[in-house]
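In the two complexes below, chain A is the common chain; its partner is chain B in one and chain C in the other.
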Partner chain A sequence: MSLRSTVHAEIAAVAAEQEKRMPPITDDLVMLETEFDSLCFALLVARMEDLTGADPFSEMEADDLPVTVGDLVALYDRAAARKAA
Partner chain B sequence: MILRERLLEGGGLDGLFLSDHREKRDLAGIVGGSRDASVSETLAGKRVLLAVGGQMAAARAMLALDGLVARLALVPPGLAPEHVARIAADSESQIVVCDAEGLSEGDLPGLPRIDIEAAAKASAETGQETGQATEWALATSGTTGAPKLVAHTLDGLAGGINKAAAPEPGTVWSTFYDIRRYGGLQVFLRAMLAPASLVLSDRHEPVRDYLIRAGEAGVTHILGTPSHWRLALMSNALTRLAPRYVRLSGEIADQTVLDLLRTAFPEARMAHAYASTEGGVGFTVEDGREGFPASLIGARSGIEIAVRDDALYVRSGRTGRRYLGTAPEPLMAEDGFVDTGDLVERRGERFHFLGRRSGVINVGGAKVQPEEVEAVVNLHPGVSMSRVRARPNPILGAVVEAEVVLRAGTDAADPAALKKAIIAHCRPRLSGHKVPASVRFVDDLPLTSGGKLVRRMP
Partner chain C sequence: MTEIREGRLVVVTGASRGLGLAMASTLAAEGFRVVALARRPSEALEAACEVAPFGAIRFMAADLGEIDALQGLVQRIKAEHGPVYGLVNNAAIGTPGLLTTMPAKKISELVHLNTVAPMVLTKYLARSMMTAGAGRIVNVSSIIAFTGYNALSVYAATKASMIGFTKSLAREVGRLGVTVNAVAPGFIETALTEGMDEAERSRVANRSALKRLAEPQDVADAVAYLMSEKARNITGTVLTIDAGSTA
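Presenting the complex of A and B:
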């Protein structure tokens, strides 16, 4: 599975478990404008760390802060690239 | 000191307001306006439970009832009915001030009710001998499920606030917190004692909407937990906010969140405060670095900080006075020090926070007692024993992780599926932030010589 589809799938899974209604998950979706709350976000980040071994949030610059789902995918993409390097 | 009297006598209320997501009210209108002598008489000297839905109603009631009632017990929003009943019993409340959002019809049978709209017209007879210092009762964020009630005086609650200084012109306070929690109440009092305008949040309001509303209301001074701020930092509405003063409290402020806020608000004064419902406001750190300088240990004006057995102790007039309820445990030691339960470690000239001695996990400000979660995990037929601990998390500071020793003979051919099954087993039995975010299988768990699980982080 690509990193993008992993992120999308995990967002959907966390939202379903937390009983949040989500619009279709696309790269343009602004996460904080949905029901995806801080607990959902925290669970997503923990799962992504389990799946990818990366926690890009812990060493983040202000410019990296993700606003959309696409930003989040890019953040994990860069973390994966750093690990591979 | 009586809040409403101070506001009326101090004056300078022109143009000041209180607003929430629904309405904006003049502060002068809230504390002035006609008063109802009969409702004042009903409430005078009584122990009162405040169970309203929104923060505007709570603020109006606090201003009307301080100095009139003997005790004001604040019910924070979102509590289960049995916990509201527990607070009512522990505070020995005689009357409940409520609205439909704050208290359902069948709850607290037998306790007389006064609607918030009537109660907001009550007032202490200012300047009369009937005025009394109201005892304020605040709920802790709850470790074992049921919150504990801590009794405070208004003078103690306001002890960390510089009441002599004139407010910076144009100050508008706000907080992500609810003002019925210790941190939020500090902001409410800061605004009311200045006096200054105050923008109230709502727990159902998305972060983005709150930030936009706060920006439009011209908020200059704002408080949140590190978790509140981490979330706000991810909203593109954060740029709507132009604060002069950014304050953090309620959780450990790590260097990452401090640096991110510094970048987002380069001009703002930034402070992280060490405070708790029991210990009051301990100290405030303004150098932008995590932890606190070792020079804060010792006695300063009005407060004494000590480190004993790696934990932080506080003695001052700002700490809670005692716990309420039947057979309450003592809140402070005989020498007047309150044990905060927060572990610290000295590194050079600075102390750093390590977490809670009890192992209590702080999930974005909500406390989780590991034993409560372990008891649920252990009910799963495949689990022999478990240990629940904090897993560091960049969004909420920590989430819950369970280490599990499986029962002999448990089918673990598909470990991922078994982990999911254990988490799914917990979900209907625990509130959301207590459900383990992850499960790790281990061969055994270390025990102390006394046979207890070793809890202290290595």
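Presenting the complex of A and C:
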């Protein structure tokens, strides 16, 4: 499973568990415009850390905050590249 | 000892002596597995590890003041011991001193170890509880957080911070099945109160409703209760253990 599909799948799983209705998850989906709230986001970060060992939010500056699902995927891509380096 | 217990895992900070050691031993006796964090082991902790059923207490060296190392520490705990169910933020320093003469460095040190470190450790350990949909966090505050005591203003501020932290975090993670509570011990016979002389001890004991000081075991029992299934509907609260000295 690619990092992109992992992020998409985990967003869908967290949303389902937390009973949040989500539109189809695509890279250009703006997360703030969905029901995916801050707690869902925290849960997603925790799960992604378990799955990938990466936590891009521990190192980043506030203005890096992801707006779209694609931004989030890019953050994890960069974290994975840093980890591999 | 090769036999390993299968119980839920609880991390206790500052577990080499005093309250933390009593908590580790009591939680082990109540069926939990315990990771006992401290900068270095003590003879008393090593003895507790020896007698704990099924090797239920494991020491792990950690300097919680090294904030940047806490995420790695949590990853190590999870890798070596599995998912974490509970956390007891007990480690603290009790440096006394009048505020007006306390070096700024000491003030920072107190806030760093007593407030910042438990918050960051909780940040990373709570993730394990959130993904499991269950967990327990117990923060050790103090009656000094709400009564006041001469020459403990900075310590008091750090202990009051644990209460604010407890209540708001309880709101944050409650939906995911994680409870967050605080215990507020009164003066208890530990290394932290060694600075008090006999007259001061007697004065504190006489002021309490029960005319005695609470003991480390009383606090450990309260923590074990909050960690247990019996406390599943208790969150965001502060349990005072002081033999009635603030009654």
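As a working rule, the second predicted complex is superposed on the first by the 83 of 85 C-alpha atoms of A that agree within 3 Å, B and C clash if a C-alpha of one lies under 4 Å from a C-alpha of the other, contacts with A are read in each partner's own complex, and residues count from 1 in each chain.
Heads up, the rule we're going with is that a residue touches a chain if its C-beta (ideal position, glycine included) is under 8 Å from a C-beta of that chain, and two chains touch if they have at least 3 such contacts.
Nothing here was measured: the structure is a model prediction, and the numbers come from that model.
J.: Please determine, from the superposition on chain A, whether chain B and chain C clash or fit.
T.: clash
J.: Please indicate which partner A:66 is in contact with in the superposed arrangement: first for chain B, second for chain C, both, or neither.
T.: In the superposed model, A:66 contacts chain B only, not chain C.
J.: Using the touch definition from the top, say if A:39 reaches chain B (first), chain C (second), both or neither.
T.: Touch partners of A:39: chain B and chain C.
J.: Could you let me know whether more residues of chain A are touched by chain B or by chain C?
T.: B
J.: Return first, second, both or neither, reflecting whether A:30 touches chain B, chain C, both chains, or no partner chain.
T.: So A:30 only meets chain B here.
J.: A:50 in the overlay: touching chain B, chain C, both, or neither? Say first, second, both or neither.
T.: Both partners.
J.: Do chain B and chain C touch any of the same residues on chain A, and if so, which?
T.: 18, 39, 42-43, 45-47, 50, 55, 58
J.: For the complex, give me every residue of chain A touching chain B.
T.: Result: residues 17-18, 30-33, 38-39, 41-43, 45-47, 50, 55, 57-62, 65-67 of chain A touch chain B.
J.: Of all residues in chain C, which touch chain A in the complex?
T.: Those residues of chain C that touch chain A are 71, 75, 127-128, 130-131, 172-173, 175-176.
J.: Applying the document's contact rule, which stretches of chain B touch chain A when the two form their complex?
T.: Contacts found on chain B: 206-208, 227, 230-231, 233-236, 256, 260, 263-264, 363-364, 391, 393-396, 399, 427, 432-433, 437-438.
J.: Provide the residue numbers of chain A that touch chain C in the complex, in ascending order.
T.: The touching residues are 18, 39, 42-43, 45-47, 49-50, 53, 55, 58.
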